[in-house]
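Chain naming follows the written order as A, B, C, D, E and F, and within any one chain the residues start at number 1.
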Amino acid sequence: MSDLLLSADQLTCIREDRILFDQLSFEVTAGELIQVEGPNGAGKTSLLRILAGLSRPYDGRVNYKQQDITQVREEFYNDLTFIGHLAGVKSELSAEQNLAFNLQLQNDDTTGLEQALDQVNLTGFEHAPAAFLSAGQNRRIALARLWQSHSKIWILDEPFTAIDKTGVEKLERLFIHHIDNGGCVILTSHQDIQIGAQRLKRITLDYNFE
Amino acid sequence: MNQPLSYWQTFSIVLMRDLKVAVRNKGDVFNPLIFFVIVITLFPLGIGPEGNTLTRIAPGIIWVAALLSALLSLERLFKNDYSDGSLEQMLLSPQPLFIMVFAKVLAHWILTGIPIILAAPLLALLLQLETNAYGAMLATLALGTPILSLIGAIGVALTVGIKKGGVLLSLLILPLYIPVLIFATGAIEAAALGLPYSGHLAIIAALLVGALTLAPFAIGAALRVSTN
Amino acid sequence: MHFANFNDFIDMGGYAFFVWLSYGCAFFLIISLTVVSVRRRKSLLREIQSKQQRDEKLKQLRKGKNSNEPKT
Amino acid sequence: MWKWLHPYAKPERSYQLASTLLPWFSVLSITTLLIGIIWALGFAPVDYQQGESYRIIYVHVPAATLSMSVYMAMATAALVSMVWQLKLADAAAAAMAPIGAVLTTIALITGAAWGKPMWGTWWVWDARLTSELILLFLYLGIIALHNAFDDKVLAGRAAGILTLVGVVNIPIIKYSVEWWNTLHQGATISKLDKPSMSTDMLLPLLVNILGFVLMIGAITLIRFRNEVIARNAMRPWVKELIAKELK
Amino acid sequence: MNQPLSYWQTFSIVLMRDLKVAVRNKGDVFNPLIFFVIVITLFPLGIGPEGNTLTRIAPGIIWVAALLSALLSLERLFKNDYSDGSLEQMLLSPQPLFIMVFAKVLAHWILTGIPIILAAPLLALLLQLETNAYGAMLATLALGTPILSLIGAIGVALTVGIKKGGVLLSLLILPLYIPVLIFATGAIEAAALGLPYSGHLAIIAALLVGALTLAPFAIGAALRVSTN
Amino acid sequence: MSDLLLSADQLTCIREDRILFDQLSFEVTAGELIQVEGPNGAGKTSLLRILAGLSRPYDGRVNYKQQDITQVREEFYNDLTFIGHLAGVKSELSAEQNLAFNLQLQNDDTTGLEQALDQVNLTGFEHAPAAFLSAGQNRRIALARLWQSHSKIWILDEPFTAIDKTGVEKLERLFIHHIDNGGCVILTSHQDIQIGAQRLKRITLDYNFE
């Protein structure tokens, strides 16, 4: 494999004495779109947070380009964009200020904020505090970042939540564009993704009651 | 990809953002100050208006009020960031955590410490503080309030993931505030009696240097643990 | 006129500082409140106007977009 | 009374009414205040006990007396808005709060500046002084609460509730502070007791009080108009107003 | 459809739920108490351990500490319920709002007022309160702390939808607390001097009755406004 | 119309000086399922909150059985179940305690909690504090209430958020059962609803830019 970006190595996650997944290993290379599937409570969010280094697995490790992420934190985070259940949008700041701050933290390009906001249909709302926007518009502020992101690895926990249909389509096109350019996307979603099956890799988690 | 940010840029970006948020929430700028004023007026009301007693206890009251108003405003340091997910984003940023944390603490001090220092002379007037103790009061506040913000931030970082919030926090950090309180009031009382107080100030300054160097790392580590 | 001369008037029987402090502060506070209130009206009107203009602009923009969308 | 008021419950009408009243109030208040202040500073006789410092009374007393009246007016407006669901009453209350706060501040500053030469200290924990300070806090609380809401209508209602709760407390505060003070301090400051004034001292004071009332009226009208505009930004008449005024 | 709940059932359901939540958050039960203790111990540290002065100011300190610890724990009264949406559910319930609100305030008092009352004698000992003032101290705390919870709840209800929270709250309600503070400390001081203090107690009791009857409605109205 | 449950009468909603909807009137009768549609930020949530009496419209009124809801608050709320963006689940309490409390407040039947929790696949998690459950499981606790609800009017803001596919199907079946029994459902969702078009009435909100 030429372009191995991220690999999970024997990950085990135990929550409240329940084994969510055990010795889970997989690899993510450039050009892959991975959907983590499973019913509610299967452990998707837990897996994504472990992959992003936000929580520690009970056992096993996560490697970024063959190196443990806790060793190469700075390089890894420079190459990672994570959007979780919480959007990371400050309700006091405007859409534009929020986006600029998030991009700067990530060493991303902050020219062309307006185009990015236009992509997520927030033209006209750039300067209103996020508190004045709807649930979906708040998620859109967080997602606008993706259009400016230079990082290869995108980890997205239910990115389509609260987004309307045209928005979902636009996001899907962006994902394809991203993996075509050598990136990878790891996401969860309970909605079906309209991307050709050959491009989509699935990781299925299930209740481990056996 | 853009040029990575320098330390200084990261610092100023985070600082400006926190100040912007506070200015939008107009209240954030004035409220710690007003709390300070109100707490100080509670004491004469509770204790009685007699001038002598007030003069005796004025340094203690001013410092206890400063401590409590720092405490009450601390919550906002990380709690809001935690509950809207932007703390998570900071932890996932390639920028060094201790710098971002340091900028946040500085913003907190600018918004609580400085107003308190500016208002203190007026309140000292209300409490009829000895005239020659004003200098010592200002000096101890200037050196001491940053320590309150720095140490307080450690406590907030530790409790940020916990629902209970407020009261647990005070339990954690008030004991750590005690040395500052003792030396600061000691200095003011010495000044009121016309004694030298540079020794006390030196100790507070030493505490400040210690807090400045160690606290940002402690805060960063605490954040990583409590957002797990 | 109660005062003999202008200097006496300014001096206020030795209480100049306190008297003029009181009158000065009162004057300053009232005038600033008035000025702030009067200016607020203009800025309010302007705010509303800019919002209306923004809405207008958006209307055009969206119309353009909606007619484009089906083609792409 | 209700019938007479009803047409003015419409925002547009009350805006127009405020606009017609405003010039009258402005002109009258400025002339009255000018007369009063020149009289007070230059022509009123000197007080044999306090010397010229007593001239502070001519700002101190109007500001102090009216600081409480403004609160009562706000509370009345809040009550009206609550009982009759009259939204404009909230706007009036909101318009008055900063004026009350400014008057209270003036009373405190002038009082303190008078206290220094008379009592030798800027501040004592006297009953009146203390309750005036607490009144300032009440005002600041109401203003802060009002600013904290982004929606003006909600802000008005929330501030109204607080105002009403505060009005219940004002007599209690006053009473408690007076009672508290006398227990500790046998000898109260007798100078605060109303001195029996001669008429040539009293007259300018009355003129000044009238001037302050008119001035409060004028500023209230200015601010009230702002509140009405802010609450009706979407109405056609505001659009017309904008078209007329900003060209 | 089940039988509609009686007022009393509604009351006890809400009360029990709030107590359950507090017990699960073990901290909630002890923290206000610990805050009270810490604030009280700050004073001897800030003022100096001289017995006479402490005895003079003990009533004031105890009451100011009680006030601040009520204040600090008030946030939790509605804030958590607001941010997880269960307050919305209560507003949408066919049960009368003032009863639910009243139950919540009672739960708050049980969790903050009662522990303070129980701990007060011990702390009075530390502050060397006059022996014959203990009765008055307990009586004023017993009658006064419910007023703190009731009036405080109005403030919390008004600010629940606002991000700023903590410090704005104190600005709103501390002025309203002042009468309680004054009468209560007055009673304790009178008792310390061997004077009768039943008059003070009667006034506090009257305040309590007033707050009990009016506050629940004000709280309800405030909640409907601030969740709009 | 025999069974008029709820009617909106000339509702106008203005947010931040933008008109979201103007003079909107419609009626909801027993047996209807109404989907409020529109892009992000169109005003769906605002509309539902006005219908539930949680916020006041700028103009107009909402009637429950021909009476203004602010006049008949108690009867109306006895007949209404509202689940919004926020689930109303206390994270300190267990699933069972949460459900019981919510049902009691609503005068609903509290026997058979276990069946209701089983319906939403929470068997085995009844006694764990909600803080230990996943995003979807938390939503499920709130939704479990619907199986026990006696009220006719259900107002649900994006009920399918975070719910997995089998969960969504089950909910749809429940909605049909509810309207068959004389109830009505008003909901928003960005996902398509698999209910015959003849039973579904749509209210479409859009940006008022025309």
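The working rule: a residue touches a chain if its C-beta (ideal position, glycine included) is under 8 Å from a C-beta of that chain, and two chains touch if they have at least 3 such contacts.
For clarity, every value in this text was computed on a predicted model and none was experimentally measured.
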Top chain pair, ranked by number of contacting C-beta pairs: B-E
Copy pair chain B, chain E: interface residue numbering same or different (half cut): same
Most widely separated chain from chain A, with each centre as the mean of CA atoms: D
Computed distance of Cα centres, chain F from chain B, in Å: 45
Centroid distance [mean C-alpha coordinates] between chain E and chain B, Å: 26
Chain E-chain F separation of Cα centroids, rounded to whole Å: 36
For chain D, residues that touch 2 or more chains besides their own: 134, 137, 140, 144, 148, 177, 180, 233
Touching two or more other chains - residues of chain B: 25, 27, 31, 34, 38, 45, 48, 80, 83, 163
Set of chain A residues in contact with two or more other chains: 85, 91-92, 129, 131-132
Chain D partner contacts - residues on chain E that touch it in the complex: 151, 154, 158-159, 161-162, 164, 168, 171-172, 174-176, 178-179, 182-183, 186, 189-190, 207, 210, 214, 218, 221-222, 225-226, 228
Of chain D, residues touching chain B in the complex: 121-126, 130, 133-134, 137, 140, 144, 147-148, 177, 180-181, 184-185
Residue ranges of chain C touching chain A (in the complex, touch as defined): 54-55, 57-58, 61
Interfacial residue positions of chain F with respect to chain C in the complex: 17-18, 207, 209-210
Of all residues in chain D, those that touch chain F in their complex: 233-234
